[in-house]
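Before anything else, here is the set of structures, which you'll find just below.
Common to both upcoming complexes is chain A, partnered first by chain B, then by chain C.
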Partner chain A sequence: MTRLRIGPLERAERRLGLLLLLPAFALLAGVVLYPIATLLWTSTQQMHLAQPWLEGFVGLENYRRALEDDRFWSSMGNTALYVIITVPGAVVLGLALAMLANLPFRVKWPVRLGLLLPWALPLVFAGLIFRWFFEYEQGVVNAMLHAFGAEPLRWLSTPSLAFIATSLAIIWKSSSFVALVLLAGLQAIPASLYEAADVDGASFWQKFWRITLPMLIPALVVAMIFRTITAIQTFDIPYAMTGGGPGHATETLAMYVHRTTIDVLDFGYGSALAALMFLISLSVTSVYIGHIRRDEGTGG
Partner chain B sequence: MTSPLTLRRRALLAAATVPLAATAAPAQAQAPITLRIFTGGQQRPDVMRRILDVYQARNPGIRAEVEVGGATSDQQQQYLNTVLASRDPTLDIALIDVIRPAQWSAARWAEPLDAYLGAQRDAVMARYLPAYREANIVGGRVIALPYFADAQFLYYRRDLLEKHNIAPPRSWDELSAAARTVLAAEGAANPNLRGFSTAGAPIEGTVCTFLVPLWGQGGSLTDAQGRLALDPAQARRALSLWADLRAQNVTPANLAEIVTDRIRVDMQAGNLLFAMQWGYAWNRFQNDPDSQVKGRIGVVPLPAFAGNAAATCIGGWQLAVSAFGRNKAAAVDLVRFLSSPEVSKMQAIMASHLPVFPEVYEDAEVLAANPWFRDARPVVIGARARPVTPRYPEVSETIRTAMNGFLAGTRTADQVLADLTQRLGPVLR
Partner chain C sequence: MRLPSFRRSTFLAALIIAANGFIPALWVFFTSMKTETELMRVPITILPDAPTAENYVRVFVDQPILVFMTNSFVVASLSTLLCVIVSALAAYAIVRLRVPMGTLVLSAIVLVSMFPLISLMVPLFQIMRGLGLLNTWPALILPYAVLSMPVCTLVLASFFQDIPEDLEKAAMIDGCTRLGAMWRIIMPLSGPGVFTAAILAFVNAWDEFLLALTLSSRVPSRTLPVGITLYQGEFAFPWPIISAALIVAIVPICVLIVVFQERVVGGLTAGGVKG
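Now for the complex of A and B:
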């Protein structure tokens, strides 16, 4: 390939183009790059508002401290467990919801509303609602157990049950986002494929495994990656439901960051923890970007 | 030494400017100063509003606004942490928990009041109960002024104890026995009735759930220098008190989910026999329209271990002037009014807030509204302080999380002890 020479007119247009990009770049720098740079800078500082006389540069000391901190690892473990449980959970439930919404209903709005309502609800509200569901003495879940003659369970102060209760709330809340993404994917599948399958006498499950699922894979990957990133940042629902309890049993990394900075006022260490969380999110995002690149390469 | 001078200078300045202002234009009189006070939802903002209305009527140049924050001490401080860490000037005064002045002093969020109090400083401070004088002076500087006192008491259902001929318990053993007797007899009539409740969720109040039985056997968390000095045997005994009460079905099964105001709600609904609770609850039991227990509640000092003196956590709320406010002098004047015997009496009558002045406990009108205040004064005077350190949030977080795990049955006493020594050792030294 030979490179074409750029004329003066095109050069001026290029300059104009760059100039027009400048406001967008400045905005991004202000709301993305500057906060990240400040976070990284703070993470190298000893900055504890209750001990201002100790402030100063400490290099990577805060990161070393994190690696030796049991609580960092336990909150990492909890976060990983939330990812492992709630990502597949939300995808399975979301897929079911999407297929339900994709059925040819005569009245569409109740299904659409059911799909959108959990998504539109603020996370903390969802957490508070589910906290009441699982409340020991007045909750609806224990009331149902009671109706079946079972003993009430301490949902929010037994570690395994608290994890199940918070995970159910997260799956309920996030499955509608997954369903919206998958619904778009479902509607892109040509109806002719199903018609051909019907002619061949295929059953519902044969159509699901041979047509729906393979055609839905790109949408599923996108939904899963977005869900994974939000699962890594899990905060609101466990915060509202258990406050991280009992003990530290449901404390996530984001909750530990919040506690370190906002409760304890240890901004330096909290920033290091946040930077580590950012690193994990970034690596997942890079998997996503890599996947899109590969798609573009093969698909066209 | 400089403060009387500045005061005099200010007075001279005021005297010099008044005739000028008067001759200029009366219509252009000084614009009213608006002061913004932060308080918690549980500290009766409605009562503060009525008190501020009195102040506004006397000081036409001042308008005072109340901003109501979260329900718990921790939630309130979380909000204040973000406001003050960003040096926001919109708050002039904040009502803070008795455990906070050291942190506020270290972070330089509170305007020290010594210069404003001037020569009167020692005389002003001498009028308060000693514990509150000490709690608000950090490193020799007055960081805040007390608004109301508090301590934990044992609330009990007088009607139920009288029915079963039981005297209010003085020891934990007596409490457990009384609860089991009453529950066995009343369980059929009210299956929701529980024996005893205290804070167990991972919140500030749960720190006292650990400290009260520790202190109640002569133990201590820190030594005189503020270093960690936890005796393992005493700590184990404190923890086993809660384990035993749970095993005897005296405390609710979900104690690890109980927050402070939930105890008040349960008792108010008639579902609780005994409660370890702060002073504010009395007024709610007596006066709330939905209270099922009006006139049926008694208050006594908390039980002790047999052979020991009872102990209780000191509580109470202080008024700090923000270092970032724009009208600090006016804010200090308002704080001095809010921290006066007059307002202490108003709060005692309207909200059963315990007074910070010893003489207000003797006041006839106060005693008419709160007959139990006569016995409350020695309890408040004998109440003990949680560790005083600027790093108190870390101390609190460690204790309440460990306790919450213990009460939920996920941490053993040995694990709790290990958590406390490992984590508090580097902070309390």
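Now for the complex of A and C:
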């Protein structure tokens, strides 16, 4: 047994360090860890707040019930579809915005604010605004269709169109954050690379594929992981635009959890659904943590 | 990417970005000055025919928007204060005091606070209900402080790192304690970092919807996002009034980002790219 010899001053410093971490730990324990333990425990219970006399331990019954629940699978499918559509959508739009924003502007504030405003807007407000755009009679989208001689569409009451409308709102809202992250990545690319390419007479697309994209991969990965983590939790925008409808066409897993617990008061089953969601999300987050830790390891 | 100095192409690029960012809000602004009858007209008008402030009056007189606003302000400010204090202490401990496995602690903070809100919402509802805290400010302040802890800790840690350690050593030789040195040297010097962290935390809290919807759904305790989304008109969704309310609710955020735009961008990308 060899103990690292450390001086009394250093030991006092360490003690102070742990003391300073205490408030953060206390907050995390109270607001996150204890609730998660409660969640896992509740997920093994029959617990319906409207039928308190039926409460009791049921083991994994709530999870078994989820596997046989069509609405669970449909909300899961919708969530997956939102991830598949809105993550690449936001990354492509965000990349386009970032490349435009990287041009040498004399006046920078219109560009900066143009990127910041969608980011700063609450998600539900973006949802409300797009709901207003896609209204059948008074909405601006149908007015534009009309101007081009097309028939107006029932955007929010047709399942596939409602999905498209909500996805567009999500992509618009989240692309600005992606753009800001990618812009920082673009600005870190040394100008000398482009100068050398210019000397060799490279075209715009050659420079894009050979320099910009490869150099931007770390920022793209971060943006994509972030967007995926938030896309899994999609709630606000469909809630504000369609309420999950028509039928359950735009209902996500998060919305189904909310409905099962807060509206139906079935906390046992709702907790099992939320626990499943927690596991899915945790696996994506750990990819992200692995990513930053690897970056630190290589000094990148 | 070096483009030849085509002033016109950079102008076009700025126009596209600004249009993408501003047009939705601008459209809402125009709507907020239209009357219900003008909205029913076909084809629709872009600019209001006869701009009216009536919708704004109705938002303040007929709807409890001042109550929503107060709730939003109190919850966002107090959670920001709590978050910045707790994150600053943690960041200082990790950066300066050589806490064993500092990066691991930092990763743990980030991991834990990135747990999905929807999973926390269910047990938090039970816990807050048990404590009798539903529909109170603390029910939102505590979770919101955690919500922004990762970004605040990362931003502050990177600012603290850039301050030369000699400054604190000098202060401590002059008789300052560790905490005294942190308070007198580090905090003033990382003022911009503290500010950035605070703005990000404030915007996060101001925008949050899911927890506010579940933990604080009674009308007098609603925050702005919940209050406006759950507006009930007598018949259809009252778009002119909703639009006016949206404008009222996003003005404070707009002021924040206009005044502090560079810091917000810097903070977001520090939190995003560095972790």
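Here is the rule we go by: the second predicted complex is superposed on the first by the 266 of 300 C-alpha atoms of A that agree within 3 Å, B and C clash if a C-alpha of one lies under 4 Å from a C-alpha of the other, contacts with A are read in each partner's own complex, and residues count from 1 in each chain.
By our rule, a residue touches a chain if its C-beta (ideal position, glycine included) is under 8 Å from a C-beta of that chain, and two chains touch if they have at least 3 such contacts.
All figures in this text were calculated on a predicted structure; none of them were measured in a lab.
J.: Of the two partner chains, chain B (first) and chain C (second), which one does A:G201 touch, if any: first, second, both, or neither?
T.: Touch partners of A:G201: none, neither chain B nor chain C.
J.: Please work out whether A:L18 is in contact with chain B alone, chain C alone, both, or neither, and reply first, second, both or neither.
T.: After superposition on chain A, A:L18 lies in contact with chain C alone.
J.: Just to be sure I read the superposition right, which of the two partners does A:V32 touch: chain B = first, chain C = second, or both, or neither?
T.: Only chain C; A:V32 stays clear of chain B.
J.: Compare chain B and chain C by how many residues of chain A each one touches, and report the one with more.
T.: Tallying touched residues of chain A, the top partner is C.
J.: Scan A:H248 for contacts with chain B and chain C and give back first, second, both or neither.
T.: Touch status of A:H248: first partner only.
J.: One more residue to check, A:I262. First (chain B), second (chain C), both or neither?
T.: Both chain B and chain C are touched by A:I262.
J.: Where on chain A do the contacts with chain B and the contacts with chain C coincide?
T.: Residues 135, 137, 262, 267, which sit in both footprints.
J.: Name, in rising order, each residue of chain C that touches chain A in their complex.
T.: 1-3, 9-10, 13-14, 16-22, 24-25, 27-28, 31, 39-40, 42-44, 82, 85-87, 89-90, 92-94, 96-100, 103, 105, 107, 109-127, 142-143, 145-146, 149, 153, 178-179, 203, 206-210, 213-214, 224-225, 228-229, 239, 242-243, 246, 249-250, 253-254, 256-258, 261-262, 264-265, 268-269, 272-275
J.: Would you mind writing out the residues of chain A in touch with chain B in their complex?
T.: Counting only chain A, the residues touching chain B are 49-52, 135-137, 152, 154, 156-159, 243-249, 259, 262-265, 267.
J.: Where on chain A does chain C make contact in their complex?
T.: Interface residues on the chain A side: 10, 13-14, 16-21, 23-24, 27-28, 30-36, 38-39, 42, 97, 99-107, 109-130, 132-133, 135, 137-138, 140, 143, 146-147, 172, 176-177, 180-181, 183-185, 191, 194-195, 198, 204, 207-208, 212, 218-219, 222-223, 226, 229, 232-233, 235-236, 239-240, 253-254, 257-258, 261-262, 267, 270-271, 274-275, 277-278, 281-282, 285-286, 288-289, 292-293, 295-296.
J.: If we count contacts the way the header does, which residues on chain B are in touch with chain A in the complex?
T.: My answer: residues 74, 77-78, 81-82, 85, 103, 106-108, 192, 201-203, 252-257, 390-394, 397, 401-402, 404-405, 407-411.
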